[in-house]
Structures are given as C-alpha cells and as structure tokens.
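There are two complexes below, and they share chain A, which is joined by chain B in the first and by chain C in the second.
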Partner chain A sequence: MTDTATRPPQIGRIVHFALRARQANMFLVLLFSLFIGLVFGGFLIILTTPALMTSWGHFFSHPGGTISSSFNTIWFAYEQLFQGALVNFHSLRLLIDNPSKINLANVLAPLSGTLTYATPLIVAGLGLAIGFRSSLFNIGGQGQVIVGGVLALLVSISFNLPPFFQVTLEIIAAVIGGALVAGLAGVLKAYTGAHEVIVTMMSNYTMVLILGYLLITSVFARPGVHDGASKAIEVSGQLPYFLSHLNSALLLNFGFPIAFVTVLAVQWFFNRSKTGFQLLMVGQNPDAARVAGIFSRRSIIICMALSGALLGLAGMLKITGVDHLATPNFGGSYGFDAITVALLGRNKPWGVFFGAIFFGVMYTGGAAMQAFTPTNIQFSLSQVIQAVVVFCVATPALVIEAFRLRDGASLISTNGSGGWV
Partner chain B sequence: MKLELRGITKRFGSMTANSNVNLVVKPGEIHCLLGENGAGKSTLMNILYGMLTPDEGQILVNDEIVTIRDPKDAVAHGIGMVHQHFMLIPVFDVADNVILGSEPVKPWPVIDYKTAIAELLVLAEKYGFEIDPRATVENLPIGTQQRVEILKALSHDASVLILDEPTAVLTPQETDAFMVILRSLKESGKSIIFITHKLREVLEIADVITVMRLGEIVGVTTPSETDERGLATMMVGREVNLVVDKNPATPGDVVLDVKDLFVEDERGLTSVKGISFEVRAGEILAVAGVQGNGQTELVEALTGMRRPSGGEVILNNVNLHGESVRKFLDAGIGHVPEDRQRFGLVLSLSISDNLVLDQLDDPKFHNRFGRNLKAIKLNGEQLRKEFDIRSQSAEEPVGALSGGNQQKVVMARELSRELKILICSQPTRGLDVGSIEFMHRQIVAIRDSGVAVIIVSSELDEVVALGDRIAVLFDGEIQDIVPPSTSREDLGLLMAGAHSREVSA
Partner chain C sequence: MATVSKEIVTLSNIRVVSRARSLAYGIALMVLGAIEILWYGGASSKLNTIVQLGYNTATVMPAVGAVWRIALLLIGGGITYLAIKPQTLASFAKAITTVRGLRSVAAIVGAYLVIWPVLLWAGVNHGGQLRTFSLPVATTGYVLGAVSIATGVLMAWRRVDRSASGLLYGGLIVFMLGFLIWVARGSLPLQLTGILASAVAVSTFLIFGSVSGTLCERAGVVNIAIEGQFMAGALSSVVFVSVFHGSGMSKTLALLLAGLFGALFGWVLAVMALRYQANQVIVGVVIVAFCTAMSQFLMTQVLDVHQNLNGSFGLPVWSVPVLSKIPVLGPVLFDQNVLVFFAFAVVIISSFVLFRTRWGLRVRSVGEKPIASETVGIDVIRMRYSAVIIGGFVAGIGGAGFTLGPGSSFNYGMTSGYGYIALAIMIFGRWRPYGALMASLLFGFTIALSANLNLYLGQLVIPQQFISALPYVITILVVSGVVGRIRPPAADGVPFQRN
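Moving on, here comes the complex of A and B:
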C-alpha cells in the first residue's frame, strides 16, 4: 500500500489529486452505477436488435462497421432517453432562435413529464425513509397511498369548497388516513410486538380489496357505469397546473412544490427537531434511548404514523395531480417503487428527491426512447437500466471494488438504517 | 511457537496508530502489552489477527515471514484471539458458539453435537472452567461469556493466545482463577499476549512487559525490574497518582432512601431481595459484590429502567416507584450505565449529539427553529476540552473513540446535568490508569460539590478507594455496610456470602 503522505512533493500534487479523485464517495458510486447501468443496457440493445445481431455475426468481415453501427444505435437510444426526459436540444435551439410560448412549452415538456411522475414518488420515498432511518420497515406504502387517494377523492366528491380549501381539506384527510393506517401497525408493534413488516404488508392486501369494493359502491362509482373507475375529481379539488398557460399538455402541477417543501420539512425533522432526533436514536440504539429517558413505544407509533402520513399525502398528490380518478389498481407498485427510491437516496431527504426524479427520468425517457428509436427499443429497457443502477447503489462495496476506489469502508458501513439498506 | 512483529506501521488517514513496532513473543511466555486507551495496542493485535492490514512491516511465525490477510489465516497459523468486545452470537448456545466455523459433522451435513460437547467438556475441565454447553450465551453473565470465547480460541489449537483486556470484566475471585488458567496455559507451552490496564496483574503474571504509548513502543521490561509507579509513568508519560486523593466525606441530608426493595430479572426470578439503604448528599456509597448478585437489577431499579416488584425508591422525599425513566432523570438522577456502548451511547452519532442524549428537553439546546445545533456543537466542544476527550473534533462519531474516551463522553454528559445523585455502574471498566485517575477525580469532585454518589463496582480496589461506605451485595441482599478501612480479606469473605459476625469472629 502506498500513501499520499509519503510521496515526494513535486509529483505529489498530481498523484494526490488522482488519488483524491478515486476516493470513494457517494457521488462517485452513483456515477459509476449509472455507467454500469448504461453499459449493461447497451449490451441488451445489441442483443435485442436483430440488425445489430446480424452485423455481429459478420463481425470479422467488417469489424469497424459493426462496432460503429452498434455504438450509433445505443447512442441514439440513450439520446432519445435523455432528451425525452430532461431537455430536447432541438427545441432548445428553436427557442433560442425564436422565443415563443410554443417553443418554450416544447423545451419544458420533457422535464414537466419527468417531475410530474416523480412528485408522488418523492413524498412516498420520504415517508419510507423516515421509517427506515428509525429501523422501522413500513412495507405498507401501497395501502397507505390508496387510503390517501381514496380519502382525497371522498373529500372531492362530498364537498364543494373554493379550490384552496378543497385541496387543503383533501391533504388533511389523506395525511390523517395514511397516519392512522400506518399508526395502527405502530401501535401493534409497540404494545404487542407484532412485526410491522407483516402488519403493513397485510394492510396492503386489505386496502387493495377495500378499494375494489368502494369503487363499485354508489358513493364512488360513476352513475350507471361499473367499469371500476371512480367519479373524477372536480376541477376545484385538483392541484392546479403550473404551466398550462403555455400549453395545456404541460401537466406539472402544484404537487411538485408540495413535494419540495416536504423534502425540506423531512430534512428539518431529522436535523433539527427533537422528535426526529429521538426517532434516530431509537432506531440506532433503542437501549441507549431508553436509558436517556425516551419512551420507545411512543417513538415507534409516532414514526409509523409520520411515515404513513407522507404516504397518504403521496396518494393525494397522485390522485389530485395526475390521475384525477381512482381505478382498482390505483396504488400500483407505488409502495414498492418508493422503497427502492428510499434505498437509492440512502434514506436522506435530498437523496430521495433525486432518486425519485431519476425514476421519473427513466419512466418518461423510456417512453420517448420506445417512440422515437427506429427499432422501437422497448420501454422495459429503461426499467432494466434503472434496476441495475439501484442494484449497484445498494451494493457500494461492489462498485468500490470494481472501480478500485479507495477508503470505501465508511461508505459501506454508514447507512443510517441499521443494515436494511 | 515464536512470534515476531517487525517494523509494523499502520496509519488511519493522518493518524499513525502504530509506528515501527517491533515485538517478539517467545514460546511459553506471558507477554503483557500495556498502554493507555488509544496507545495502539488493539490496532497492533488486530493486525496480528488479520483484521487490519499493516501499511509496513512483517509478521514472522517461527522465524518465517507469513502473510495474514484475515482471521482465518491467523487461526491457521495458530493465533487465537479473545476480543474485548465478545464476538459471540448471543442467541446460540455455548457449544454452537465454540464450534462455529469448524463444526464436526457426522454424517455430513449433520452436526455431531455429541462429539462437539464431549470435546468441549474435556477442554473446559482441562483448564478448570465450569460451563454448561447447552446454555444460551445471552443468558450467561459476562464473565462466563468470556470463558466461552477463551474456549473457542483453545478449541482451534491456538498456540499463541491474544487476550484483549480479559480481566476487565472479571471479579477478583474470577481474576484469581483466571491467573491460574493463564499459568497452566503457559506450562502447556502456549504463548500469551495479555493486554491489560491493571498494573497489579501485570506485575503478578508477566514474563515480559512491553509498554506502548501513542503508537510506539516506549519500553520493554520485566516485573522484577519495575513497580506499579514505574509502569504507570511509562504508560502515561508523566507521574500518575495511583491513590485517590480525597478528604473525609461530609455527609448532608438523606438524598436517596431505598426501602425494602425487591426487583425481578427478565426471567421473573427475584434478584434483589428486600434491600434497604440510604445515601446522603456528599458521600459515596460503593456497592461491592461479585457480578451477578443483583447489581444490574438494583441499578436498573434505581434509574427507572426496571419497575421494582416491591419496596420504595424515595429521592428527596418523593417516591419514584413506578415512574418513567424520564421522571427519574428529571428528578436529578445521573446514570452511568455498566455497558456504555449498549446503554450509554449511540455509536453512529457524533460526540456532541451523544453529549445531549438525555437533555433533548433542555431549552438551552433549542431555538426557534428546533434543536440548536450551534449550542449543541459548542457544548460538545466545551465538554470535550473539559473532560479531555481525545478526538479530532466533537463532530466525530462516538464509535470511533477508544473505550476510555467513550466513558468520558458518558460521564461528561451526566455531570453536565443538574444532579442530586450520580449512579455509576462499573465506571472504570476497561479504562487505563490515566483515565481511571481522571474518572476517580471527577467522581470525588462531584461528591464534594454535595451530590450523593453510588458506585457499583466489582473492582475491589475501586470500591475501597472511592467508597465512604461499602455495601456488600450477595445473592440479592446486602450482607453488610462497612467502612472502607475494612480489610480486603474481610470484604472478599463478605462478597463470598459470609456474614459480618462470622468475618469479625
């Protein structure tokens, strides 16, 4: 082993910089994970594109052409993915040449789609991260998202208040609903020792079935139609769009600033609030927390309730900002995607924020890739890349070893959730 | 087996934990490694045991250079280690823990417990351990858990045994028995590297003493060439006061009044059986006793951690029976728990955060925006200086500190509150002479400031040095409360269950 300190000073600076650059940190691990994901996706593109496979079959007769055509195909696909999810350079150029409303709308369209998709996921991810950081594993995201969504819908159907109050009431209902469902799991854990994973997981099934039932009752079902879709949320109860004055196709809504504020709130909660600190303590070392006079039962219940509250809010953001009505699979895989997002963000509020946006990018970008590549590269490819990236981020040791990063030990051991992530 | 470490250097970032360390351990030798917490002893032993890789230097076994990459290599070279913090699986039983990693199978893949247990019993008998192979480790007292660790190392045919502060957790009687074991190990040709802080033990048992300070070897000597004072000076680098300086106590009003206290342990067995005593302001009551005689449950009851099954705990005329831990703390009880890592600290949090763990409600640490991080940090820096907690800053995780410094964090935290009574359980367990001196001075200082103090310790030296009165606990009852002038022999007899009358007779 060598050490920077022992090098002579002249070459030391360069070597030092090089070694510093290889010092493992989360940013590097993320970067390399993304790289691995894209390389893996590249291989899949080659394998699933018949023209490229044929070309590889004749590799030895024209190796250059094979490599360049493969590279071009992959590059083009990723270009579509990027431009479809973040910013389209073509429309950006048009905007610069001719600043008009329509051109501005075209520039913002990809990002709008990405953030719209990411919004509920940010809040749901934060909800789970609260639990994970306190070593409580709320697996009931799906159920709590459903509860939040259904209660928001119920408010929208039952009341007809001015938009601001209507939306506020929806938020309150969704937050309380989510908090109660998850809080119940917390109470059971605190007083009977029932494991929260089992209880919350079971609550998922319960909520899915209750949702299915509710959707055919007269309260929720559209009169005369029994296709499982509910009445729509009135405009007064919808989260207003941001950019609809530019183009009605821009769906980014006020859910995003709500999610943003939630990130700040959770950040504050863990860094500055007494309760947040107590949850952290109970999560890291319940025995020491008890000696310090912290009532761990109360902490468990509060933590689960808070986690559920945010998932309820996520459900509300989804139904009032995106879907505008409920279907039997309203909860979808949100609860589980949110677990992955929390993992990707290493349970840190900003990590979750960008993790969810990454999911948004892969979602909207994947669709664009499928639409605009000549061979219609499947949307699922973006999900595969996403999965590979998540896998790599979840195993920093692998990435650190593969790229020979230095001093990764702290990164591997510090995860703030007691071994879950 | 002859073992040699040659020019070992190990750096962690800018810190040099070991600097050019040379050490030779001859066959059948008890080699004591002495040094303050953080002197680099554990680092050195972890290198030898393959848990860390040295930056420079070689390890030689029987004059041949060997590479030890992981503990498996170390075991293969006949090196066994008993860690200060046990590496046992709490929910497994003794036999499981001993055979873990080298399970005898017959027929594959069935574990041959019969052979395993038989071998275990033979081994235990050979070295005089009394042990139930089928007892679950988490239910065993710490002293017994340690014997399991030693048995485990011996079962791998270790010819060099590294013992990292083995006696820190033992009672005086157990220590005596342990010394006998060490000698018999030595006679059977095994080399022993014995890490300890206890000078008395070193002088009693060592063949060679190596003293480390700040990552370097500062001296090699033998018991006949030196004494406790000399060793302490070598370790700390200055003259150390080995005797606790204290004036006679000036007891004030009764602060804590315990009446007819009964406490049950987890299994529902009564382990504190009707204890009554008082502690006055400005005095130290030392509770002596062999571990497992109800001390843990007594302390838990006095700090609100465990609800007594009978009796009263009255603090300043307020009956605290059945109240929450929070109420106990608010009433002015300071608690330095026995197992600081498990009960006293959150290792992943910073020193500053750990210094306010039980003071989250203190308005001092709050402002309009929630927890006042600046005040917490400032408080951390202040206490770090005041208590000489050795770290780069108060923002380091507490888990990165050595045992002594961790204990200073706990002590600093408790003393920074407004206290009526301080309850310390094994306050200097595993600490070096420098830290012990420091802790003892703090405890005496808090006594002199008019706080009542209870010290629970299985360390006879400590009990005698600190206590103004000594309560001897045996089998959940107080045998007697005696003055510190009582002879060690009499205390030993009381601890073994004899009554005062019999002792004086």
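Moving on, here comes the complex of A and C:
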C-alpha cells in the first residue's frame, strides 16, 4: 500500500480502496461465504429443475435464453427467500401508501417469524460457544434442549403460580436440568477422560428415547389422546407475545429480550469475569493454564455445566415461547443447528446473535421459497446453502485463498488440538 | 518396591490398576448373577422358554453314521489338543503353529469336529431342522446366574490381570443369555441364531466405519465425518443401482461409487485439516451438516419425485459351501450378504496393512510423532492425505451397507448416528482393526437385541425406549473407561506444521 501514495491522488484513492477491500476481515469472509453458498445453491436449482436442464440441453442454440431463464429462476427463488424472511416489498409499499395497523403487521410478519425461530437458537448457540472457546465440544445440544424443555413443561404442569413466578421457576428448572446433563459429561471428561463429543452425542439419542417414553406416561400425556404430543403449557407459563395487539399471527415473544440479555451476559462473562477468563485460557493453551494454577478439571466441569445451562434455557424458550407442548421430535435439529450457529458467529456473543438470525432467515425464507416458487424448490435447499456458508466460515483459509484476500493469517486460528483424550 | 507416582506408567502401576479393575469387574459380575438368581430364578414362573437354534433348513450339519462320528471326535480332539498344547509337537509342526492366528483357527476347527458328533448324538438334527429346546425359566436363571457369580468370584478372588477381558465377556454373555431366556418366556420362541445373524448384519457398517476411523486416527487425523460419508455412500449407491435397475454389475460398481463418494469427503476433510490446518473436529461436524442437508435436499427435491431412482436392491447373499452348514455359527457368519464378507476382509486387510507393511508403519509413525517422521524423510502431509482418503473410501462402502446391505431404499436420517457410534467403537477397539471388529460385533448385538426385544414387549417390564437406548448408554460407559484407560495415537487431531 505504500507505493500507492506516489500515484496521483484520484487514482490512488481508488487503488487504495481496492487494496483495502482485499484486506481479509471477518466481514469479507462472511460476504464471500454467503456468495459461495448462494452460487452453490444456484447450481443445485439448475441441476434439479427439469425445465432448466432441458434448456441447458439446447444451450448452443439459445445460449442467452438458457442463461437468462436459469438466472431468473434462481433470482426468483432467492427473492422469495429474502422477502419471506425479512421484508416483503409489496407490503412495505402498502404500508407507506396506507399506514394502518394491519399493514404494519404484514410488514413485520416475516421478521417476526425469523426472530421467533432465532430466539432459542441464539441462546443455544451461546451455550455451545462457551464450550468451544474453552475447546470443549458439546454436541449434546439436542439432549440438553430436550431436558430443559421437559423440565419447563413439568414445572408448568405441576405448579400454578402467577405468570412471572411460573416463568421464573421454569427458567430455573430448565437451566439446572441442562447444566446437570452437560455437567455429567464434564465430570466424565475430567475424571475418566471420556471424550465429550461421544458422551454428549450418545446422551442426545438417550434423551430422545427418554422423551419418547415420558410422553406416553400419565404425567405428560394428554388423557385419551395418543398422538404423542404432551399436555400443553398453560397461558400463565407461556412467554407473553410482543406484538399480538397488532395481529395475533405475530408470534414474537419475550424470549427474544431474554436471549438479548443472555448475549450481554455471555459477553460480560468472557470479557470481565474471572471464571470466563480462566475458561478462555484453558481453551487457548491447557498446559499454560495448568502452569498458571488453573485447575483444568474444575474448569472443564464448570464450562460444560454453563454450556448445558444455556442449552436448557434454550429448550425452555422453545417450549414456552414457540411450541407450548412437547412432541417426540421436540429437540429437532436444534443441537446441531446451534453448533453451526456458534461456528458461524466465530464463538463471539454478537456473532452468535447474528448467526442465529441468519439461520432464522434461512428457515423462514426457505419455507417461503418452497411455497412460492413455481417448481416448489424444496425448503432443504436453504439448509444446504446454510451448510455451505458455515463450511466456508469455519475454514476461513479456504475463502481467503480462493479470493486472494490479504493478511488472512490472523483469521486462521488452528484453535488448539482436536484430539480425543 | 519404591512407590512411583500413580500418574507414571510402570509395570507395577499397570498391574495395580488392572488388578483393581479385575476386582471391580468380578464384583459387578457377582451382582449381575445375584440379580439373575433372585429375579429370574426366583420368578414364580413355571413357564418354559423355547430356544430355537435352527435358522433355515439349509444350514444343518449333515448326519453321519456312528463310525464317522467317533472318527470325527478323535480327529477333532487331537487337533484341539495340539492347538492348545503345542509344546508336545515336533519342531516342524511347532513352526507351523507359531504362525499367528493359525493356532486359534486349529483350535476352532478341532472344537467343531468334536461338537459335530456330540450334537448329532444329542439329537439336534431333528428332521432336517435343528431341534428346539424348551428350557424352564426358573432353573435356567439359577444355573446361569450361578455361572455368572462363579466367574465374578474367580475374577475378584484371583485378581487376574491378564485374561480379565475374556472372563468378563464370558460372564456377561452368560448373563445376557439368561436375560434373553427370561425375556422370551412363554409361547414365542427365542430365535437365538436369528438374533445373532442380524447382529452380524447390523454390525457391517459399524465395522466399516470403525475401521475407517482407525485408519484416519492412526495417521493423526480425527475423522468425525464418518456419518456424512455414510450418508454419501448410502445415497449414491442406491441411486446408481436404481439407474441400472439392479443389474449385478451395477451393484459392484455402486459399492465402488459409494467408496469414491466417501473418499471425496475424506479428501475434503484432508484438505481442510492438512492444507488449511482447520480444527479437524469442526471440519468433520460441518461435513456431516453438509451431507445431512444435501441428502435431505436430494431426497425431497429429486428422489421423492422420481421414486424409481430410489429402489430397493439388495446385494446377493453368499452361503460359504461347507462352513455355512455349521449349526448356529454357520448362518451367523457364513450365510450373509456379500458386504459382510467384505467387512471381514477389510478388517483383515487393514490390520495387515497397518501392522505389516511399510505404508502402515509410516502411517502409524505419522500419527504418533510427526516431527520425528519428518526428520527421517517421511512426507507427513502425504501420508495423512492417503490415510484419510482411504479411510473415507472404507466409510463410504460402509454407507452402502445401510441401503444395499439389507436391500432397502434410501431414507433421510437412516444413518441415525451410527457414524458417531463407529467412533466410539474405534476407541473401544483401541485403534486396532481386530478390536474394532470385536467391538462392532458387540454393538451390533445390542442393536439387534433392542430390535428383537420388541417382539417380547408384553413380558418385558422395561419400556421399549430404554432397551433402544442400550447401545448409546453402553457407548457412554465404554468411553468413560469401563474398558480402562486407553491411549490414542499421540498426535491424534494435532495439525502438523511443516517448518
């Protein structure tokens, strides 16, 4: 960049900007990752849409038509994805022309759906980020979400307190439950060397099966109904809705501010608290931490328990804010989505926050894409794009090299070892 | 003897630990046996259990006359004796028996030659079908419980530190047998051979997966992506075979294709882990996420529309000419689909390659101390690339075991975490192919058991979900040290930076 200073200023500024633009930073990596993901998804759309494939068969007779029809199809699909998840331009124009409650609700509807889906994921992703930052790989998100959700449900079934206390009690139960399940994996890791990946993974499958069993017991099952769903959470135990006065279809609830506060709390935990610093240190260099007098067994257990506590909270937010009852696949793919959210956010609290919102966008947008594209491009395409994006973000070296970005070394952290015992 | 810190591995420390473990195992076995006696034996049940050893009529040992029976008995007894006590042999024969594995093969052959006439005299060959036994539940519970307790007492009292695992597994098998007989009491027969045969069939992909993990980790790369490689192999093979309407040749090529898809993701893992030095666990998990999303997408977007692309074609079943006639063991081991034999072959080949060839030595050295390997001129990165890609190939073929093995069509989510269980099996097998084989068979047994126990749900006091959770809980117990402290390859998962 030094030689640009000798050039004429106008050109120099442009060159300087171009060079600056190739300077690797996380934002650029994210942007290029998204680009790669969308291009990959575009290829998949072309390959799996018969009409487009036939037109590619006639590529040499109508090259322009082929390319434009392919581009239009892809563009339309991504447009639906965007409008279904963030802002629908049509309803936005209606709102500007005619500001009314209903039009405002229509504008907010996609965003509300996105944030509702993202809320538990934010908390779950934060839980996993805590683990990752101290080099503990908690894959048991699904199981811990289930435990949190089930305990919240149990509280709501057993007690009948005023709403505020009911919800508080649910939170406490879910947090303790998640912490215990993950903490057990931490204890096993600390004292027997059992790798937490396998223990938590197996606890996932176990929890799913236990959930399936619990849902047919008399405590949880609705009497006389055998559809596998549990009793519903009473209104006093539900998280209240935000925007339901605009339109009852807006499901954004008070889970979102709770998630927001959790982001701040985790931020504080890592930047300001002693335990957080110790965990970071153990994650960066376990040997140095041991020399510095940080007891690694204790920090392993604390870290896993904290991670599980947040995942339990995520389960509680999901069941009290979104589902209101438990089904056999209550945990869903939340555990795995949360892992990828944490990777996407590079384990930073705000990164996780926006990563989860990105997942929410892909979820609600993917559903809209499937509904509104003429060939019904399947929802799972958005999941593929998401996976590609996460893949690129998790290995920034690939993006940095593919796009010839500069000074990428600081972004590529080999992040300790991934060994077993 | 000077007391050495427990953390330091010395012979005496190992002995102390293993003796303590033997005591613990012995006590555990005694408790299990006591449960069996008090619960099953004491069950006021007058019921009998019908144990069905026969599997199909084609697998019965041929009946021979009395003279032949005595001849077989003598020959078999002789072979067994020589195999067990090779000291009595002449030097020439001794040389043969020192060949690794030959002694155990001879012992097995001899034992069978003995068992054959004994079984014939016992009248198992009942009208072309193996006879079914009717065992009284209570008495069986007493007897098997007593055997478990005796094994436990032996372990706890003698503190055996060498053959602890053999006694432990023997005692556990006896306990499991008692449990099965108790569960299957009543009219529905206990198809013991059937359960064992399905256990071997189920363990096919576990064998492939755990051998894949072993190959990669011996080279120092953690392959968590096995689950994704399973999916890729399962999906690609079934689509390929369906395109060719299940012709014989296409099935062979489909296995190859499945392997290639596995190798592709192995290569991706290798590039990320070796070239870009990303965290191997993270890359593996992301590969699994990608494969999950991709298979879901292809399933909903393509296969649900073109269902002829997702057909059900099974690999041919091969009955080994003589061996499949052996009662119980024949149908279990030698009357299976081709992939099962491939799995056994993969174990043998990979064990030979890892421990008997130059490539294997280099792979192991790269996984233990890459810097030292580099110093003597081994290309660490290249060795790791080759191991991970070959490992991916093996896992991909294992993926075909989900679809082509049992002959079912591809189903989203059909791998259901077996890729991760394969990693636990790899640890259980202590990063050795033969260990992986044994551990796979054990896990396959628990999986087949939990599937088969559904037949007897009425008489099972345990909810079905808990039985299904058995393989997972056992995995947790295994990795948390039931098998003792285990030592992974020293450089496992550590990125290598060339200076």
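The criterion applied here is as follows: the second predicted complex is superposed on the first by the 399 of 421 C-alpha atoms of A that agree within 3 Å, B and C clash if a C-alpha of one lies under 4 Å from a C-alpha of the other, contacts with A are read in each partner's own complex, and residues count from 1 in each chain.
The rule we apply is simple: a contact is a pair of C-beta atoms (placed from the backbone, for glycine too) under 8 Å apart; a residue touches a chain by one contact, two chains touch by 3 or more.
Since we're looking at a predicted model, the values are computed, not measured.
Partners chain B and chain C clash in the overlay (superposition on chain A).
Using the contact criterion defined above for the overlaid structures, shared-chain residue A:Ala394 touches chain C, although it does not reach chain B.
Between chain B and chain C, C contacts the larger number of chain A residues.
Residue contacts after overlaying the shared chain place A:Tyr213 against chain C, while chain B stays out of touching range. Contact with chain C, but none with chain B, is seen for A:Met201 once the two complexes are overlaid on the shared chain.
By the touch criterion defined above, A:Phe137 reaches chain C but does not reach chain B. Of the two partner chains, chain C is the only one that A:Gln378 touches; chain B does not reach it. After overlaying the two complexes on the shared chain, residue contacts for A:Lys274 are found with chain B alone; chain C is out of touch.
Look at A:Ser244: by the touch rule set out above, it reaches neither chain B nor chain C. It is stretch 367-375 of chain C, out of 61-69, 367-375 or 457-465, that runs into chain B when the two complexes are superposed. Residues 414, 416 of chain A lie at the contact with chain B in one complex and at the contact with chain C in the other. Partner chain C is touched in their complex by these residues of chain A: 44, 48, 137, 139, 188, 192-195, 197-199, 201-206, 209-210, 212-213, 336, 339-340, 343, 377-381, 383-384, 386-388, 390-391, 394-395, 397-398, 401, 412, 414-421. Against chain B, in their complex, chain A makes its touches with residues 1, 3, 5, 268, 271-274, 277-278, 280-281, 284-285, 287-295, 414, 416. Only residues 11, 14, 53, 55, 303-305, 324-326, 328-330, 335, 337, 342-349, 353, 357-358, 360-361, 366, 369-371, 373 of chain B touch chain A when the two sit together in their complex. Chain C makes touch with chain A in their complex at residues 217, 222, 224, 272, 275-283, 285-287, 289-290, 292-294, 296-302, 416-417, 420-421, 423-424, 427, 463, 465-466, 468-469, 472-473, 475-476, 479-481, 485-488, 491-495.
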